[in-house]
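Two complexes follow with subunit A in common, the first pairing it with subunit B and the second with subunit C.
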Partner chain A sequence: MNSTEVILQADKIQKIFPSKEGDVRAVDGVNLDLISGEVFGLVGESGCGKSTLSRLLLRLLDSSGGSIKFKGEDITGFDKKQLKMLRRQMSLVFQDPHTSLNPRMTIYDNLARPFKVHNLAEGREEITVEIVRLLKSMGLQAEHMIRYPHELSGGQKQRVVVARALAVDPEVVFLDEPTSALDVSVQAKILKLLAKIKDEKDLTYFFISHDINLIRVISDRIGVMYLGRMVEQGEVAGMFKEPMHPYTRGLFSSVPEPTPARKLDSVLMGEVPSPVNPPSGCHFHPRCPEKMAICEQESPVFNYRQGRKVACHLYNLD
Partner chain B sequence: MMSPILDINDLYLSFSTEEGELEAINGLNLEVEQGKIHGLIGETGCGKSVTGRTVLGLFDSNTMIKGGEILYNGDDLLSKTQHELQRDYRGNEIAMIFQDPGSSLNPVFKIEDQLDEVLRIYQPGKKAERRKKMIAALNAVKLPDPERLLKKYPHQLSGGMKQRVMIALNLACQPSLLIADEPTTALDVSIQAQFINVLKELQKEIDITILYITHDMAVVSEICDQVSVMYAGRIVEDVSMEDLFNKPVHPYSKLLVSSVLGPETNIDNLVEISGSVPRLINPPPGCRFHPRCEHMKPECKEEPPVLKEVAPGHQVACFKEDLS
Partner chain C sequence: MEDTLTYEEIKKDIDNLKQEKTSQLALVWSRFKRNKLALIGGIIVLIMVLIAIFAPVLAPHDPYRTAPLRRLEAPSFEHPLGTDAMGRDMLSRLIYGARVELSIGILIILFEGTIGITLGLLAGYFGGWVDSVIMRLVDILRSFPVIILAMAIAGVLGQGVYNVVIALGIVGWTTFARMVRSKILSIKESDYVEAARSIGESTPSIIIRYILPNAVSTAIIMVCIMMPTALIASATLSFLGLGVQPPIASWGSIISAGRDYLLQAPWISTTAGLFIMFTVLGFNFIGDGLRDAFDPTADRS
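And then the complex of A and B:
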């Protein structure tokens, strides 16, 4: 990271899904600055809204409130034509490579789609040149072009999916659990490849994972979400050294460490409550070991504290 | 040494597929000692789940047993009929929990009915007695308010609760051996941590033996006493959990341990394993790991190495001269 230019900014972004039992506030007023050239890792447990947040930022979902700026320009109200241009600047890699590729198309046809949709290359020859270049940059061979997805291994498929995301030459790539369907040995390869491509192409990554050890390896900064809200954000080293929010602490200490001598000790008790009827005040208070009276009444605001942002009343006591 | 509760000897198992015979298990030897949590680890497709299912005689129609024996307390389970397995072993002796708790429970029945069904089949008794057993089982897995829980349907429970109901369901019949096939893979870390702690406590309380199938090395370090590392249908190393992490011997175990993401890992020192798991239709001859092995010798291509003891409780299948 050599600049601190904010490439993508979310301001009190919100997404409410109506349901039979009431409104689900999947994303509830999240502020986020994505800095150009960084890897931002987003962690949180199932249902905390991390995938919804990424889809809002990508404008794949319409937000219910708040605004999103890409390079200073408000993209919240973009129309179809403008969005199509935006798709070339931000792309997405999904979790499961097995369902991300069209099984009835060859790898060539799968990869040719972005070039055709965005008129980035014309004619079969030009597209072929581009696809070969892409495949090679992913450590695959030109001959993979004529194969079908089922003929490739999981790791190879995920490389094709990444290649497709990079076809449009984007600036920001969203990676939603890109390695969770892969084995450890394959995961290492994909992570190294992603890091290499990022440096070569000067990309910004928004990396979502529930695997906290993995987020730790790949990210520069991380954000922790709980029940639709961002509870803590900061540089990766500091966050792991000294997590401030009680949820972050509980979450990190629940991660099993691959060291025989260290066992899980203080694990987080209870479960994530239903987002339909979230607890009042700070959503985390029913599970919080350091709950105070104010926590039930008021939602804590995001506060700066030693280069960290924390939404917790413990740190608002000045 | 105590005799093992489960002793699998030279098991060979294949699947017939359109492309030919898939040799999923190829001379597997596995001993699980009474009262231990024994980990069975390996990557996707190495045959670890098939091994677990085979113990219980849960076969798909294209399965062919090619040889070997599965001794449970000395009785060969492979020589039993499905009827005998059902009557004498499943449930009361050996139980199994699967990866996805959501699809293991029947969505249209209440928890009470599902627990009761198990008890009616395996532990017949009066309704009031069965109900006591149900409550006890739910209490044992630390589920709050069991009375109310019995009236709920699976969709009203979270993933972690469902997985604990699955354990309760299995433990209601007091089996001696529990086969757990990736029970926490579908769970969040905090729920996984709670689950691991419940399972560890339970294991101590009721002295059950657990065969814990997983690909997650971090979970192995939390819960297992002994570990068998599996590669392409064979056990390549059988070792205590501490030694697996501190001094793995087999080249594959070493790679597996080094590829684990720990607190000191960063993108530069991340270890890549070259090559990939072989296809088991026409697998490599000899030691199936040889195409990826940096210590490969001519004999590795000819005969598969057998498990040799390198230290008490530590066996390795490798032709490497310096097995340490």
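And then the complex of A and C:
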């Protein structure tokens, strides 16, 4: 995978939820390039807009501003018919396997829906063969078809959820914390399975997690979000070797390490402020150990600074 | 790869498995069966329904034939539950009363269930002003005491069985609407509905395949839980003289007729009261049992 074709591109994308206390800027002008064939890891504390961003990119939520391009085509104005086609190209795996399958449908019916919706297979026979093939490639058996979701374990259900996401033969798969609801032993198996499928099918992954260690292992590039904004983005090795944004530094150093000799001076202090009334200027300034006068007034532009995309006044724009 | 797999092979495997597998309904039934109280409730209700259906066969006497000389007789071999103030056989009247009582109950449930479930669905699914209008109406109706409001409506409409049904239906649908609405709201926000959208399902398909099947159990449970309320309310209206009119026997009107003779002939009001009590108890047990059987993981609070 040495091509750097951008498959999905977001430009200043925004999502504002109106509420009684004021507008909630869940996603506040995020720029993002997803490169074909990569695993892009998105990290951030809960409530920072990770999931909302993924729903915007998938067009499951309408954005309040900005544009999204899939393979160079603007998808923000897509109508119903175009969206249906888009659903075949991008799919989503949910966090909680216990709630993401229709409990009143058998596994067969749950998995048959994508085939029926998109006419990907004709008749019961063809669909059954396709489903069995899918199940087997997920490490499940044909007999699981006639089960109901509640008869399966969490790990098995998550395999079914992954199978459903792959049924449409997508190019980009969004994984919204796909392992955080599973036991540790099951997590490893699902991750291995995901890695295997990615290589076989040449997929692009958009992997959301708050587990820094996990993101470090599986991603090619990572993005760090804070309060609706992207603060840093880059190659995984470089980011971990030398995180530039003070928030990234704090986030990474808050991960417990087996060798606690490392300094813990940059551990994050305080709480995440409310997105209803975010701090002025750089959203991170109230918690930032390196706050300067400008940080309270001006939002730092998210662009290349010293070779990496960072939104921080500590570094000059390239 | 599993390219060698043919449909026939898979089908054979699956057919073998299906033999051993129990359907979801069978599963609900097996859980229901294990619940002793639910089973007792089921038997009580079944008996009441059979009594209502076979009333002409079961009743030892004509429930309307008066015998002025044999009024207020104590239970005897000829009249197992005694006679009332007009000498009519109490057992026969109670058996015929089951017919009246249960059919009124069913009519009320049908009436309020249809309105309540439809409006609850609309409010829950569409939200916005549709939701606001329906739910404010619910709030207004619920701010009155149920029986007072039903009495007022029945008073305006006049006496009679159908007016009781209408009066109680107008008041009672609000409970259905509330329950169905909140169920729809939680289903609408669920991951599996978002998943359905993410694979490209259309709105009608989501409503039919994802939302309705998951709301059905709530509706069934609601019917069983609302039945006792409907029975008691209709009996109350009959007791107050607004519902079933003499000489037709209903349990409510029998209690009412017996209240003047509580000391001389206590069996009149008490037996009718017991019939009401057991039927209500039966439906309550079934309702609780069904709730547990449909969703064993649900909170019992």
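To be clear about the criterion, the second predicted complex is superposed on the first by the 304 of 318 C-alpha atoms of A that agree within 3 Å, B and C clash if a C-alpha of one lies under 4 Å from a C-alpha of the other, contacts with A are read in each partner's own complex, and residues count from 1 in each chain.
Rule of thumb we're sticking to: a residue touches a chain if its C-beta (ideal position, glycine included) is under 8 Å from a C-beta of that chain, and two chains touch if they have at least 3 such contacts.
Every value quoted in this text rests on a predicted model; they were computed, and no experiment measured them.
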(message) In the superposed model built on subunit A, check whether subunit B and subunit C fit or clash.
(response) fit
(request) Go through the superposed model and pick first if A:S46 touches only subunit B, second if only subunit C, both, or neither. (result) first
(request) Based on the superposed arrangement, let me know which partner A:T128 touches: subunit B (first), subunit C (second), both, or neither? (result) second
(request) Kindly classify A:V255 by the partners it touches after superposition: subunit B alone (first), subunit C alone (second), both, or neither? (result) first
(request) Using the touch definition from the top, say if A:I218 reaches subunit B (first), subunit C (second), both or neither. (result) first
(message) Quick check on the superposed pair: does A:T99 touch subunit B, subunit C, both, or neither? Answer first, second, both or neither.
(response) second
(message) So if I put the vertex at the Cα centre of subunit A, how wide is the angle out to the Cα centres of subunit B and subunit C? Nearest 10 degrees is fine.
(response) 70
(message) Applying the document's definition of touch, where does A:V184 land relative to subunit B and subunit C: first, second, both, or neither?
(response) first
(request) Taking the superposition as given, tell me the minimum C-alpha spacing from subunit B to subunit C, whole angstrom. (result) 8
(request) State the interface residues of subunit A toward subunit C in the complex, per the touch definition above. (result) 58, 60, 83-84, 87-88, 91-92, 94-96, 99-105, 113-114, 117-118, 125-126, 128-129, 132-133, 136, 142-143, 145-146, 148, 161, 164-165, 167-168
(message) Please output the residues of subunit B touching subunit A within their complex, sorted ascending.
(response) 43-44, 158-161, 188-194, 196-197, 215-222, 241-242, 245-246, 255-257, 259-263, 265-267, 270-273, 276-277
(request) Could you please specify the touching residues of subunit C with respect to subunit A in the complex? (result) 2, 5-7, 10-11, 13-14, 17-18, 21, 24, 190-192, 194-202, 205, 209-210, 213-214
(message) Under the definition above, what is the set of subunit A residues touching subunit B in their complex?
(response) 45-46, 153-155, 183-189, 191-192, 195, 210-214, 216-218, 240, 250-251, 254-260, 262-264, 267-269, 271-272
